[in-house]
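Here chain A shows up in two complexes: once beside chain B, once beside chain C.
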Partner chain A sequence: MKALMSLGALIGVAGLVLLGGMIFDVIPSTTVRLVEGYMPMQMLFEFACFVAGFAGLSYMMSAVGMPFPRFWQGIGFWAFVLLYLKYRVYPPIPFSVRAMYGTVTLVAVFMWISANEEDWKKFKQPIMNVLDAQTGMNKLLRYAYLVLLPILIGGFSYNAMKPKSEEPIELRTVHPAPPASTKVHGKTYTLQTSQNPYRVNPEGKYDQEFSNANIVEQGMGRLMKPNANPWDDKNTGYLKYVREGGEIFFQNCHFCHGDNLNGRGLHAFAFNPIPANFTDPGTIAQLQETFIFWRVSKGGIGLPNEGFPWASVMPPWEQHLTVDEIWKVILFEYWHTGYYPRTWD
Partner chain B sequence: MIDSITQKAGIIAAAAFGVVLVSSAGFSIALAQGLPEGFKKGDLAPEPSADMIEAGKRVYFTKCVWCHGVDGAGDGPGADRLWPRPRNFNQGTFKIRHTASGELPLFDAKKPIPGQNDLFETVTHGLPGSAMPSWEGILTEEQRLQVLSFVTTQLVKDRKFTDKQSETQTVLQLADLKPKPATDESKKRGSELVVERKCVECHGMEGRGDGNAFNLKDDWGFSIQPADWHKCWNFRGSRQDPYNVANIFRTFSTGVNGTPMPSFADNTTVDERWDIANFVNSLCERDALGNPLPIDPLTDKPKINFVIPSDLVEGEIPVDIEHEAWQKTSKRYVAMGGQITHKPRNFVNRIDDIWVRSLYNDKSIVYLIEWDDRTKSVAEGKLPWAPTQVNIDVKEQDPKTGEEGSIAAHQNNYTVYNDAIAIETAVKWKELPAPIKPRYLFGSNDQFPVDIVKWEADGSLRAFKGTGWDKDFEERDNYEESMKLLKSEWKNGRWYVMFQRPVGNKKDQDYDEDTFFEVGQYIPTVFFAWDGHNGDAGRKMAVSAFFYTFMNPPIPQETYIYPAVIAVGVVLLEGWVLTRRANKKKGKTL
Partner chain C sequence: MGLLTGKRVFSIMALCMMVGLLLLPIVVALPSPAIGEEAPAGDAVKKDGDKVEKGRDVYYKTEGIVVGAPAPKTTDGPKDYPRYNFESRVLLWFANQQHLYYGSFVLAVPIFCMIIEFMGVVTKDKALAKRYDQLAYDFIKISLTAYSLTAILGGILIFTFLTLYPAFFGYLSSIFRPVMHIYALMFVAESGTLYIYYYGWDKMKEGFLKWIHLSMSVILNIIGTLLMFLANSWIGFMMSPAGVDEQGRYLGNIWHVIHTALWNPLNLHRILGNMAFGGGVVAAYAAYKFLAAKTDEDRAHYDWMGYIAMALGVSFLIPLPFAGYWLMREVYAYRQQMGITLMGGLLAWLFIIQATMIGILFLSTNYYLWQAMGRMRGAEKYQRYIKYLVFLLVCGFLVFITPHTMVMSPAELKAMGGQQHPVLGNFGVMSAKNGGINVIITTTVLSFVWYMRGNKVSTVSWAKFGNIFMGVFFACAYVNIIWLAIYGYYIPANVRVGLSVPQVATTLSCLFFMFALNSVMMRGAKQMGPIEWGKISVRSQYALIMLATAFTWMMALMGYIRSSVRLFWHVNEIMRDNSPWAYTHTVGFAANMISFNVLFFWISILFVFWMGSLAAKKVPVEAKAGIPGNVPQPAASH
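Let's turn to the complex of A and B:
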């Protein structure tokens, strides 16, 4: 038990030192990298480590006879959560969201320290002591608070009232409501009934099962199936068109959407927000192919008014590509991300 | 006693002599082998297993083939529209290495260790400033090693990584070389050395990559340009750690294979190399306090603040950049991407950032814009279309590399147009209904036009009205008199342009045509930039995202009054709590 707890304490101290270093910029914040794709799991794991660490620390300190008072445990944990969210998590969380998490944590901390009468008493004892000011130390503290609190609160309100320029947050609707039909290069396509003419088997028949069997494998790397190489010259049907779509993608789309379709292309750094990430299960995986066909053809300019807020510079690709090319690009995007397009039924 | 001292002295002397002897022997061995200082002989890595190579093929044909091509000749479908171009693997020429000039880079399929595996690090961190992304988090470590096993054995055709007859490895011992502290003295010596060693001939007097920029070619005959030392986040070898001086030291020691950048290992000492690296590193853009700019891990470029603050100046706005008012305002990094929305599209964009500052007084607002441009371009040829025109049917650079009219063939010999910069603001930005953000470029429609102010290198400052992406700009002659060009200068690879326009107001300006710059409001602002030597003209240009000009209002009186009132209130509250507690203890209740 003790060994386990001391291990926990060690983790806790190491974690706190790291976090402290990152807050004060002594340790570069990339020391423990948050790797894209693993970030949420990594965060949860780290958080669990911290909690285990705190438990260990608290146990060890009481074992050596210097227990943390419940009062400081509560406040310390709350402060830790706020600092962790502000300094560790990347991309940064807006203040409003952090405030929400902060409130929830505060409530949780209160529930924890007031779980039974004894704990609650322990928690409020230091406050009462300062109020009563029976000892010299407490008297000093009381006067310090008397002076500091008005200054601090006054200072905060001055800061809050000073005219400031905070960056407006740019939002984007990911799935605006599509129209019933769209007219591209003079031909009308009904979104519900149109099909990708290149999603075909070697015999040239529309075949979703055949194409689904030949997309890349899900899992790390999203690599092609060993016997389904779009660069094989003998390909007919689906895989041949995937390759043609890829050629169009890498001449037109990757500048923004990136070599790995994750929205991190060559020009992506200049965007706000950065371009859509197709490898995210929330984008094309949620949509029908015809929806993508409409979005690609009409671009940001073609978005309906109900679709706001949109901050999209996507060009109406019908200006640059033929209908066939657009269908092939869509085919490639689904192949490369390993997602199946949704169907209408 | 004395004996023992002499004895000790004797031992020390002998030891010292021994050290001298050994070190000079070591030195002469190093000289005998002709190794430059800081390098050691290394062994060739063993050949990767057949399994690794086979597995790597699968990775290559999923991820890499699109730019690097089926045979690894750097001629995939994406290559024609890229600059810098994708690497041609066939010759085994790789830029970022720990090995001596001309040698193959370090690669061992079993050792993914930083500092000992150049190609692995390149794939892991990508090559900033090019289209090569970081593959960390996308491919596993194993997959990265696999694909490199495939590339080094199957696609490098002219050389062999395991051939002891033809290949040597002379490895820079970067881990053992302690960086020299970046003292003023070291940087000063570095600044003298870059002149003495002729670095400035290519990299320019201020290191903005503007020296000799238009005559350089890589091994394959493609145009290549010297690095801009002020943008360290674009250094190919920056390994996602741009302000790390060791990266510069390494590039300088090993050279960049396949380019005119030689290795300086033979004619500089390690000490001198650190001085140069320290100096080059010190040039990279920093914030007002001299700290490195925070880098956004999502893009590996400086973090962007989308608000451009404009400070109030009493009286005339100073024209001198060194003036205190300009020095005190915040300078904003504005990232620029190629305009690839409307024809003619700008795939090869050469202005990737500009720096903006602004000041205002009761009548005008002034923007000071600085950006690096390797060449000063003033139009020689006549533009084939009016710059205001929408060129929907313009032919793009469709031909493939090697054919006439391709981007690769064009580089370095475009007709030269004017360098230019423009600011677009929405006219009725306050009345825009929520969904109609001024449609990214060129205005929404007749009802919600944009106001464009454009400076060109021929000295003109003109105003345009844009009413939609598919409409020609209208030139606004009547407005041009109210604007003023305060400064435009090109010096050592950087433009400094400052111009003034009226802030306008609703009463006596024509609010339907001009943007009204209102204090304390977020005014949507977009920047356009053109590099005349890159064939930029009309809509072939660089664009920014939406920024916001924010004119900082003077601090109102309430800001001082209310906090004081609140503080007094807190004191009263404290008094109340304390009396209550005291009464309770005494057994009294209120």
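Let's turn to the complex of A and C:
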């Protein structure tokens, strides 16, 4: 147990040194990289290591007769989380999310330090000491708080009331609800039931399982089946349609959506927000093919009221592509990202 | 003996009367479908000579004879939308929400009474049995005052509908005509049974008569549940209409109208929700009484009452997310756009708020349990591990509340380099959220297990093996839940939706197997000390109040979400809302309105509690002191 705690303490110290370095820009925040594809779990894992590290550190300090006061443990841990979210995770997390995380962590710290009466007393003690002001130092602190707290609150109020020139916050609906049906090139498509006519098996029948088995492995960039290469001219059927979709994509879409389909094309950074990142699990992986068909056909201009503030410059592609071309390009997008279109069966 | 026989006869008669009341609406209603079919059919004959017009059911796709008028095409004006100088929709929202709060409360409390009375009947410890009985009686007493308020609020709701939305209410009434009177008669039956049940309490407190009394509570709850199912059929019809054709004309099959796509998921969700809400309100009542108590005896009693109410409420809270998941699945299956509007579109931010409220519920529950361990000698051994439970809960919570679309300024959006954050964006989708909530629930189960064994040491010969097995079981459960959450990113969406089944199964396995195993292990366990009822920290009572407030807030929020998902339809795709208020409120306005409803409910329920305490003051002192033991003993209370 002691060895385990010592290891934990070591991790805790190392972690704190690294984070301190990142805060003061001595160590670049990319020193320990967040590896693409594993980032969400890596963050939680790092967080777990820190918790274990701090537990070990606290244990070791108690063992050597220098226990770290519970009050400062609580405050310190909360400060650590705020700094971790601000300086460790990149790209920067928007303030609204950091505020949510910070509040939840504050609640968690409170739950921890007040989980039993003994700990709660230990935590409260320094506060009570200052309020009671039995010593000269505490008296001084009490007067200092008396002056500082109103100034601090006044400062916050002033900042909150001060007119700002920043652009206002947007609560944008990225995936507005689609209509029940959409009319493209004179034909009406019911979004709930329509299917991609090119997602077919060798017999020419709609077959999602067949197409799912012939895509690029998600996040790996390699083919699920080595011989299922759409760029091979000999391949027909589904793979041929993927190839044709790819050609359309690279002629029309990749300037914005990027050759990796990650929304970072040549022109992408002229827009804010940048175009949709199809490799993100929150975009096409969440949607039915017919949803994509509707969005591609109607473009940013065809977004419903719900899609306010309509921050999309995508052209209505029905004015430039045929229905078949739109279906094929969608087929390619799913093939390339390794995602499967959403179905409801 | 003669008296006893007389009482028996009386009680059996009362029970028969209740059954009669239960059956009355059905008997009275028997001819109504026939009338419902024939009368308008006559009109059709008058209009079209001998021709019978047929229509196609919008949901069931069956053919039926048109027997109703089409849904009215309303226009903005005093005829269809008469109004005061105020937004009619907001008035209706208020009336509806308050009625729902009280309706839920008076439906949930009798179910608690039934459970607690049953516990009292089967408990061998006579002192404890008496306390259970007294507790059930206290509950029903509170419910009785609330019942009158429910009826008053129901009346206000109907008047609001009739005054402000006459065309819409007229249409719904014409559709539900065959069951409107059944609904009214159900109220009569509910009131009758409730009064017999309440006033017969003292007369039927022992032996055979007690069982008859208990049976009455079963009938009372059957009536209450049927009543709720009927009320649910209205909202089910408004969201996912069936039994009518495209013009909204009734096709003569009332079962189709009631049994819509969302009716059953709504029924289940509301039963569980009502129970959790009822438990929360009673727990808050107990917490309030605990904080105001002046004697140790009172503190002990209300501490115990709060614990029982919380445990009952939470036992229904645990399956609630799964029932909600089923409801959402059915919503998606019914209309994809409706699902997207809810979970990914216009109302998605409200779901983030809902996730936050769910998290608060579970966090409050866990916190209460940890505080409750403070009144047990021997539970100290678990205290040092609580920080790890906090860690698990918070990780689950943070994942659960991470929005897919973040609120940010354009400058932040640019700095982030895209609409989705590459790290946190992954927490914003369903796969991660399923993992998050299951981790939270499993941790809550673990807290419960620790609480249940807090002051005990197992004496079974295989105790060591049992403890190791439990530890490994929980560890495997966490690994399985988290692994499935990650795996969900690599498979098709329809398979991913199915992954929730093994995740839920894992959580429920922990709940049932671990509770069962723990109970077996703790049979005849060595007690380290009694549970010192009343010695719990005041913080725990604030946690109970927080639990109840979060329930109330969340209930109002979800009601608003469910209702506003119809967007500009009174009846989805059948009857359009042409009033000036056919738009969706802003998130801020909705949150303020919800808070106002919550505040109003709590002020009014405090009034109900105060009324209850007035009645309690009349109870002679001896009757209260007559409860043996004064400070309740732990025995089989958990």
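For this structure, a couple of remarks:
We take it that the second predicted complex is superposed on the first by the 296 of 345 C-alpha atoms of A that agree within 3 Å, B and C clash if a C-alpha of one lies under 4 Å from a C-alpha of the other, contacts with A are read in each partner's own complex, and residues count from 1 in each chain.
As a working rule, a residue touches a chain if its C-beta (ideal position, glycine included) is under 8 Å from a C-beta of that chain, and two chains touch if they have at least 3 such contacts.
These figures come from a predicted structure and were not determined experimentally.
In the superposed pair of complexes, A:G282 makes contact with chain C only, with no contact to chain B.
Contacts of A:L4 after superposition: neither chain B nor chain C is touched.
Legend: residue contacts after superposition of the two complexes on their common chain; A:M43 is shown touching chain C, with no touch to chain B. In the superposition on chain A, no contact is made by A:L140 with either chain B or chain C. Contacts of A:M61 after superposition: neither chain B nor chain C is touched.
In the superposition on chain A, contact of A:A14 is made with neither chain B nor chain C. In the overlay built on the shared chain, the residue A:E170 is in contact with chain B and with chain C.
Once the two complexes are overlaid on the shared chain, A:L148 sits clear of chain B and of chain C alike.
Contacts of A:P91 after superposition: both chain B and chain C are touched.
Applying the stated touch rule to the two superposed structures, the overlap between the chain B and chain C interfaces on chain A comprises residues 34, 36, 91, 166-168, 170, 264, 272, 274, 306. The part of chain B that touches chain A in the complex is made up of residues 58-59, 61-63, 65-67, 70, 76-78, 80-82, 130-133, 135-140, 143, 240-241, 296-301, 304-307, 309, 335-338, 340-343, 345, 347, 349, 352, 392, 434-437, 439-441, 469, 520, 522, 543-546, 548, 550, 552-553, 555-556, 558-560, 562-564, 566-568, 570-571, 574, 577-578, 581, 585. Every residue of chain A that touches chain C in the complex is listed here, in rising order: 34, 36, 39-41, 43-44, 47-48, 51, 55, 89, 91-97, 100-101, 104-105, 107-108, 111-112, 114-117, 119-120, 166-180, 191-192, 208, 212, 218, 263-264, 272-274, 276-277, 280-283, 285-286, 288, 291, 306, 340-345. Across the complex, chain C meets chain A through its residues 332-333, 335-338, 340-341, 344-346, 348-349, 356, 359, 363, 366-367, 370-371, 373-374, 380, 383, 386-388, 390-391, 393-395, 397-399, 401-429, 431-432, 486, 489-494, 537, 539, 587. Interface residues of chain A, counted against chain B in their complex, comprise 30, 34-38, 90-91, 128, 131-132, 145-146, 149-151, 153-155, 157-158, 161-163, 165-168, 170, 216, 220-224, 226, 229-231, 246-247, 249-252, 254-256, 258-260, 262, 264-272, 274, 299-301, 303, 305-315, 319-320, 336.
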